[in-house]
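Right after this note come the structures.
There are two complexes below, and they share chain A, which is joined by chain B in the first and by chain C in the second.
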Partner chain A sequence: MLDTNAFDLRSYISRNPQSIAVWIALAALITFGLLRYDNFGGAYNISSFLNYNSMFIIISVGMSFVIMTGGIDLSVGSVAAFTSVVAAYMSPYGIEIALPIAVLAGMLFGGLNAFFIIALRIPPFIATLATMLGAKGGALVISGADTIAVDWGSNFTKMGMEKVFNILPWSIVVVGIIVVGLWFLLEKTSLGRTVLAIGGSEDASTLMGLKVNRTKAFVYLLSGGCAGLAGVILASGFGAGQPLEGIGWELSAIAAVVVGGTLLTGGLGSVPATVAGALLLGLVFNILNFENGLGTISISAYWQMVIRGGFLFAVILFQARVMSRNKRKGRVA
Partner chain B sequence: MSAQNYVSQSFGPAFNWKKVLRNHGGLVALAVILVFNILVTPNFLQLQTLFVNISQVATIAIVAMGMTLVIATGGIDLSVGAIMALAGAIAPLIFQSEFGQMYPVLGVALAIGFPVLVAMACGLFNGALVSILKVQPIIATLILFISGRGIAQVLTNGNLQTFKNPAFSYLGTGKILGLPFQGWLAIVIAIVLFWVINRTIFGRYVLAVGGNERAATLSGGPVRRVKIAVYIICGALAGLAGLIVVAINSASDAARNGDLMELDAIAAAVVGGALLQGGRAPIFGAILGAVIIQLVKYTLLANGVEDEVALIAKALIIVAAVYVQQARKE
Partner chain C sequence: MSAIQKAFNGVVALDGASLEIEKGEVHALIGQNGAGKSTLIKILTGVYRSDDGAVEFDGAESLISSPREAQAAGIATIYQELNLVPLRSVTENIVMGYEPKKLGVFIDWDEAHNRAREILKRFGIDIDVTARLGSFSTAIQQLVAIARAVSLDAKLVIMDEPTSSLDVSEVKVLFGVVRSLRDAGVSVLYVSHFLDELFEICDRVTTMRDGRTVDCRKMDGVTKLGLISGMLGRDSSEIAEAGMTEFSGGAAKHGEVLLHADNIATGPRLTKLDMTVHRGEIVGLGGLLGSGRTEAARALFGIDPLASGTVSLKGLDARLETPAAAIKAGIAFLTEDRKAEGIIPDMTVRENLTLALLPKLTRNGQIDRAREREIVQGFIEALGIKTAGMEQPIRELSGGNQQKVLLARWLAVEPELLILDEPTRGVDVGAKREIQAIIRDFVSKGFGVVLISSEFEELVEGADRIVVLNEGRSITELKNPGITEDILVHALAHTDGEAA
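Moving on, here comes the complex of A and B:
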């Protein structure tokens, strides 16, 4: 079952035809930005862009695992808000304490999702919706509905504010390492194969004797943990725990996953393409900011949402065409 | 689960609270909330309380009924809140325009008709994506969820539109026989939809599509058209609800109108007995669900419980409702 060509470009494309679009669009947008704006490729823009978007990348990748099993996790934004408050409270003990505790707090919510979905058999959409409301309420309760300042004396703010060798922000380095690990996990391990198998057909996976429940629990714990990490980056980068943040993050993450070509019905997906999807949606904002900076036009912030929706629409149209073509060829069941 | 059922049923004539809770959980919950309020909440048995709650319930109920139809076909519509904002933003633009000022009657008529048409167009967009392109409903409606509110804000430059227009405001502040107009409107809509679901061929198809889409297709049912129609109806009702909210406030705020309404509407539909897998369309259940959601909000607010705790309560209601529903199915 193990595919030895997992990292081979040609086999990657043949197995993920629906994610070509995101790479083409990403390349086109970067080329456009480089040609049009002076400082687009500058160190400052790249590092602040990556720093800010590292949160969305890690959430999107966690979400992609859930979606590959045919589930969905609407709680990630609220969970990130919750864990940003937890991380802020833990910040005096340093990042090496605050980070694992916040990630564990995120996994706690992931565990709650898993319990609702696996033990109580509540549909993922509803279960994670409830957790979303609960985590949001919880974040407001433990913070007193106010931002919680972090301790600037400890090394906590390094994560979101300092750079490795003065180039890459710590946040993107940490996220990058985890993302590569998850990529490996998906492509090279039996756990990753099971994730995709469940999304392909849960009944068949059960009959084949795969550990369906355990794998489903894993993806929700993973998604919760990823949201927890995003909360740490949020608190560290902005110097405060933000109980009111995270609204709509789950939808941005779902959008990034879909733009990256993962099928919402599950069974098909790619970690790098999800990262590309998150970068693409982030770049839309980045380019709009530059365009406004040029002063030739003034695109209000409200257009950004319209354009994001348009992007999602375009990708869905493309996906639908590729999928129907594949269906006719009999490649995708 | 079946063994448990057997045990609980074998007790015979004894009061089977599990079964009652399973089949009439919504009514039991409503009774509990009402008794609690009568005993605890100050000034609960006042007409003013009734009016406040009816005008709030009506908007949730109107959206929830549309959502119930969509859920009955096995779909979901996340864009209702954004459609509310869009419809609500367009209306003042029309009756406050020069044309609207010159012909006030026509202006108000257009200010109600055109936004609802736009809302139906949004529904058509959702329905076409779902039924023709076979996009999953969550994703298809996510597009308008993200961009619909943006369009409303672009149209109004993000400004709060305030106005004085008694004719239009009647939608949200008028009273018939002493009860708020929108309450009557919700009841009329419920009766019409109930009739449509239970007495028309279209209604049969809605339930058939949700029950077993493949079977409905194979038996020659107009599955595509039925699916598109429910999203159009859902869009129209959301647009209407958006207009009512604007009329209540005599102001349109595209950033807040209908915010998080999709959650309330889904919760109301599910509490009212809609199955997420489709196949059931309890229209009056949606109203019951809307009443429960609103009363829980009101109860917590009136007793000084913080908003954030109210969120957790709402989460528990949703989980409990779906859990009871799952148990009923098995």
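Moving on, here comes the complex of A and C:
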């Protein structure tokens, strides 16, 4: 039976009040951009914006699953750098070979994280920090600390450079399909609900006989796989494996997840809102670039980061306000 | 302390509590959970302020308004959860904040170590004081906490459940230390659920009930039965009489054996449990706090591994090594700690209710939402769960309704044996009746229930049979109809070799 209620907007908002802020901020920023800049809504800007940000969207969504269980994955940036090199080496065999192998490589690191965290009971922060350093070193080792050019003769660069039916970049289409799949998984399957239950209370979940360990292994494998895919898009879009890229990506991903209203302690989260969070962070840069383009002011890349930080803070503050008002309402009801 | 009053947000916690401790005596403070012991201690140690009444210490009206002032005045508290620093050395833990100094700045470690060694030697303990505190057992750590108190010239040492995590030989050492404190003129306020200990170590005992101190007596001439009846507010002569009457018990007819636990043990808190649950039967586990009630439930649900003994289900040997295995075998467990181990606060009523059922609700990896709603709606109606709707977050529900949702969570998986640990704690009277009716209805379908409750009334009225536990052992069994609270209390007080 088709379930229409789950994707009903009002029911979505009532279940995810914490994500209202990110949608409002996103709408405001888009409106601002459309009104102020001529080419903001143009096909070129939209497509290059989505192409570039597809990497961050997929990493953030992978991260959101980990955070929803109450964990954290600091390794995603280095893993993406590592898998971009793997993908570059595999590029002569075409995207259909390079992509799965790079994703598998990412999942290997995810599996390592899962092993540390579940079997050895190492806290996620430490375990994934170790993997982050390991993957970073590994990327430098297999690449000889240099960018690895991809094979331009194969179809590998299609992923990051060409568009489906000349409309949307391949990267965002692939990421979009996966994200919708993961959204479905979170909202509609018992696996998704177990993810949230573990974040809500791991003790209660164990006592209910839920498959706690298996589910935790899943989220780290997923996060690793998502980082692997981001590595493929990176190599494909820039035409080279980038062992030195990915620094700070994990923090951007965590920021996107938090802006999207997922609780850092776990138990509450939303896939679309995480995507919105990633888009919001990207849009701030996009708009600042346009602002520089107008020629009225000139903001350096460093100042752009400062502005992004301030903006992030404002959204989180807004989110906290919405939440506390929502709670008060709940108490009266 | 006299006529102490204390209320929190209008709820009276203490209503005329008085306590008098003499110099150099070991004074026991007993009472059931919620009787007001902790509140009284917290007022004494400056954590709370009393609304009314007076505290006198060392002959003078005392105005202790913070734990620091209490410490300065000579009152030291040894909490159940030790407030020491396990990563620092034994010496540091003893002298911290009061380190002996050289030239007024540098810590004189030789002197500090000597001081620590000397104090511990007085207790008969010889350990490496430079080693990290955390490397020693809980018992030693507790003694170090006491040593710290002594080094600060404590005149009154408060011990809150000091023996709850110690084994028998460690308890002996602790008692030795307590006696040496007494001999040195230090007073000890000793709070414990283990009544047998009190006879061994205490001089006088104050009993609390419902926020009042009801009784203060010398330990000589007090019986265990007398203590229990004081705690519960019952007439000890009636209880004694109840124990005299020949109690044959009813002959309620029940079905075949569902579960049989044969001599199971999991550790020092559960050393020997024998019990049987038949189909259609509610078996109560009766005992005071610390008697092993919750440990029994944890053992049956596969949370704590069995050290010895066997459990059989429907006549077959059952290996219940994890909660998941127990659930698969048809056992469900409603935990005592609803907030931490029961509800998932941010999830909705619907999601909370179906969590344990998910495997059965999932088809092709997808949750069958229509069936889920149908089941949830069914339970909301059948159990009379008061909610704004199944999409309301469970944290917004009242305690009683949260508990009903958790009950429904387990009823939904259709278990054959339901273990209920304090199912009606923190639940209003109306909801309590309803929950009891739900339990009765459940067993009438041929299933079994193990009921744990610290409320004797609930056990006596609700259970078909009561297995009585004392200090981790099942000591006797009572059968309904005919059990009264007096009979149950008598059974509790009647331990090996002691005729109450």
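Please note the rule applied: the second predicted complex is superposed on the first by the 314 of 333 C-alpha atoms of A that agree within 3 Å, B and C clash if a C-alpha of one lies under 4 Å from a C-alpha of the other, contacts with A are read in each partner's own complex, and residues count from 1 in each chain.
Keep in mind that, in the parts below, a contact is a pair of C-beta atoms (placed from the backbone, for glycine too) under 8 Å apart; a residue touches a chain by one contact, two chains touch by 3 or more.
From a predicted model like this one, the values you see are computed outputs, not experimental measurements.
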First, second, both or neither for A:140, with chain B first and chain C second: first
Contacts of A:88 with chain B and chain C, given as first, second, both or neither: neither
First (chain B), second (chain C), both or neither touched by A:204: second
Which superposed partner A:193 touches (first chain B, second chain C, both, neither): second
Touching partner for A:116 - first (chain B), second (chain C), both, neither: first
Chain B versus chain C as contact partner of A:76, first or second or both or neither: neither
Per-residue contact with chain A, leading partner among chain C and chain B: B
Where chain A meets both chain C and chain B, residue numbers: none
Residues of chain A touching chain B in the complex: 72, 116, 120-123, 125-127, 129-134, 136-141, 145, 251, 254-255, 258, 264-265, 300-310, 312-313, 316-317, 320, 324
Sites on chain C touched by chain A in the complex: 301, 303, 322-324, 326-328, 333, 335, 340-348, 351, 355-356, 358-359, 361-362, 365-370, 388, 391, 393, 396, 409
Touching residues (chain side chain A, partner chain C) in the complex: 1, 3, 5-6, 11, 14-15, 188-191, 193-194, 196-197, 200-201, 203-211, 263, 267-268, 330-331, 333
Chain B - residues contacting chain A, complex: 76, 129, 133-136, 138-140, 142-151, 153-154, 157-158, 263, 266, 270, 276, 306-312, 314-316, 318-319, 322-323, 326
